[in-house]
Amino acid sequence: MKMNQLKSISISMIKIVLVILFFSIINTSGFSQQNLFPVTLTDDSGADVTLNEAPERIISAAPSNTEIIFALGLEDKLVGKSEFCNFPEETKNIESIGKMSPLNLEKIVSLDPDLILSYGGFQLKDIPRLRELGFKVLVVQSESLQEMIQGMQLIATACGVPQKGSDLISRLQERINHITSNIKKLSHEKQPNVFVGSNFDTIYSPGAGTLFHELITLAGGQNIVGHLQGWAKINPELVAQKEPDIIIIPSGIMNPEEISKIKQDIITHPGWSHVPAIKHNRIYAVNEDLFYRAGPRLVDGLELLYEIFTGKK
Amino acid sequence: MNIKEPIVSLNKVNFSYGQQSVLQDIDLSVFPGDFIGIIGPNGSGKTTLLKLISGILRPQSGNIQLFNQDISMISRKKLAKIISVVPQDSFVTYNYKVKEIVFMGRIPYINQWQGETISDYRISRNAMKKTDSFCHAEKGIHQISGGEMQRVYIARALAQSPKILMLDEFASHLDLNYKYEMIRILKDTLREEVNCIISVFHDLNLASFCANRLILLDKGKIEISGTPQQVINNENIKKVYRSKAHIIQHPELAIPQVIM
Amino acid sequence: MKYLPEKNNKNLYGYPNWRYKAFFVLIFGFLSILIVGFIGLNFGTISIQPEKILSIFWHHETDNSLGLIIWELRIPRLIMAMLTGMTLAGVGGAFQGILRNPLADPYILGVSAGAALGACTGIALQYTTGLYLMNFLPVFALVGSFVSILMVYLLSRKKSHLPMTDLLLAGVAVNFFFSALITLLLAVSNREIHSMIFWLMGDLSNANWQKISLVTLPVFMGSFLLIFSSLELNAMALGEEEALHLGIQTEKLRLKIFLIGSIMIAVVVSFTGLIGFVGLVIPHIARLLVGPDHRIMLPVSALIGAAFLIICDTIARTILAPTEIPIGAITAIIGAPLFIHLLKRRNDNNEY
């Protein structure tokens, strides 16, 4: 009798444990989901955005956010992108919502999104209307590397993949730290003077507060327009005066001919012949998307600058 | 109304444009049945006098009375029912039809809310018939000749049902036959509809033909006023126009004519 | 359109038929607007079938995306286009009448330059102070336009008179001055230039029901007041003195038309930006169709303007979808050749 009682008790106990195990296995994904939603986030426009469940249909109205979406592996939830979103290749399969500003409200509405990612800026004036019509809009406006990382975490949380976000961020942070620790070893004098200029008829160069400036500084360079604020229109005399060691040309999808033409213009620019960058031919064209878009490729840009500055390119 | 009561009276009227004095010390009376002709060389103030009487300009001193009422007391709209003016030259901005132009003469009488009545149309039509412009009724004002246009303007002035009709050289573009026609129309109108006519004339002979009284202006002052016989003589013409002229008697009518 | 039979003497003025015919013309115009508007609802970034539109209409659906598009985006836009077109063409016609100038447009008396300066100032302020002012731009524009109206009035006044050449000159002067200030603002601006230029080119994409409720009353009231001045405007065409002789108080009339027209334009432009050519060209088309009598020409001009702008707006948001062409560009592309054609026709036939 005692043996049978023991047996039935242990069998019941095993059943109970199995049942508990069973339910906990089923609920693992749902369980962690339940913890994540609903979530209320404060976006960069100061608005509180509440999401009740993970968004299935996402529209990204800026290339920076599109790249973040792809980096987080959420691209199959992307139903719309701005026409400037061109990285990675797969973006061409996603429907375009037109220009970044003004936002085409009709197109956005017709795609019936659960979440719209905006970069702020000129899109701010259309966002109240979208929110009025009942759409969830998350503004991610990043103007520094740190803000970009925070923005990435924000998007990851909003889309229900905070862990992926953290993973991505720690990998990026590693790469950044690698560069900044190397730079610490460089002395101040070894830091090259860097000049960034695009169109050479009217020269605009990125000053303090821009992403480009931050990356130059982090990569160990001295931005010759660092004393100016934002994107500044500068007088060519400044270049002659500051004598940069490196000249960077941010270019879009220019072909090699165009780029060599610009290089020629720089080399033959009146009054610049004594500039070290020109004398030693340290003029580099870079993909501007790596420096203008507040997305994960900023770190690619940082690494590229580091290689240029340390003479590895 | 007492036949001796003047319809229009000007008393010691002075007018200047800024510092420039144009008319001085004008005394003038117009009686019922008068056809007044204002004559004088260029710059003597003829047109200014017309503008003062029609209420466009206000005199600096002196007073102007219409039917014993001070002209400054009469509202513009009421004035439009008393006086109508035929301009010498006028450019109409848009190509209204002749009948629309003539119909505009009825504007002072049209009530904004009730709109026009059939009598407004009848009056306009009659005015066109009288001036022989009815056949042009459907044509655009830019498409008719200068002479036809002048007849249209006279028709508009008549459609305005005025008591005083004023004209500024009404016959400059008209052919000889139309000149006669217009004189006849004006005299008929004087007899049947209006109380008096005041017209500026450059053509002394026409003035002599039409008017029963002439006012000769010289440098802003009235040189002389009276019948054509009194006014148009060698002495006056020589003095005011400073040129030679031969005055002769018209072969059929007792009026002076000037020949060069 | 000859609304009067020629041969019959008795009916020379077509009395009282012309009133009924005028009424018919207006009803026809109104129906055309409805039809054009309905067709416009079909087009955009996506095409919506007429049957679907009717059902959305009937059931006032706003819960699905198509319903939202129709009720919250397209219909407000069309109504705003209609109101704007009405105002621009109507006021353009009235200004052409009061200034006796066929080249006048509603912007000639300076209102638009003031509105533009106001809006651009608001945009510039937003970037320098960091305050979010986009929703207040119409207020800035309205204030700017009232400043320019006041300036034109004060400049052209001469001891309680309002002589015409002075009004025109004052308007042109204020236009020049404010345009210079706008150019200066553009020159010192950087990122804001984009927003400023977009505002200047005209933009109906922000239309919503609230804005429509603000614009409707001034536009309709003003239009009625202008149309009631039709007889006086007709008289003005004869000349300043001739109009005076007809009993018209020309200076009061000028002031009245200037103020009513300018306020209407100010209200509309504050929300939609500067849309050109409509106020200049449409009145000429109206004159070509029904003659220069303002009593029929002004309403017809307003109706054609409304329909024209609805069509232009539909083109602007459909042809390169999802990119939207600024509506000012469409009205210019259609309006300029049209105007040249009208000029040629005027010279050849000496019409209207």
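The first chain written gets the first letter, and so on, giving A, B and C; residue counts start at 1 in each chain.
Here, contacts are C-beta pairs under 8 Å (C-beta built on N, C-alpha and C of every residue); 3 or more make two chains touch, one makes a residue touch a chain.
If you're wondering where the values come from, they're calculated on a predicted model, not measured in any experiment.
Taking the mean of all protein C-alpha atoms as the reference point, the chain centroid lying nearest to it belongs to C.
Look at the CA centroids: the one farthest from the centroid of chain A belongs to B. Between the chain pairs A-C and B-C, more C-beta pairs are in contact across B-C. Mean C-alpha position of chain A lies 86 Å from that of chain B.
In terms of their C-alpha centroids, the spacing between chain B and chain C amounts to 43 Å.
Residue positions of chain B in touch with at least two other chains are not found.
Of all residues in chain C, only 4, 6, 9, 12-13, 15-16, 19, 100-102, 228, 231-232, 234-235, 237-239, 241-242, 244-249, 287, 291-293, 350-352 touch chain B in the complex they form. By the touch criterion given at the top, residues 83, 96-99, 101-102, 104-107, 109-112, 122, 124-125, 128-129, 133-134, 230-231, 233 of chain A touch chain C in their complex. Listed in rising order, the residues of chain C touching chain A in the complex are 44-46, 65-66, 68-69, 72-74, 132, 134-135, 190-191, 194-195, 198, 203, 205-206, 208, 317, 321-324.
Considering their complex, residues 51, 54-56, 76-81, 83-85, 87, 90-97, 99-101, 103-105, 107-108, 110, 112, 115-116, 118, 121, 124-125, 137-138, 140, 142-143, 160 of chain B touch chain C.
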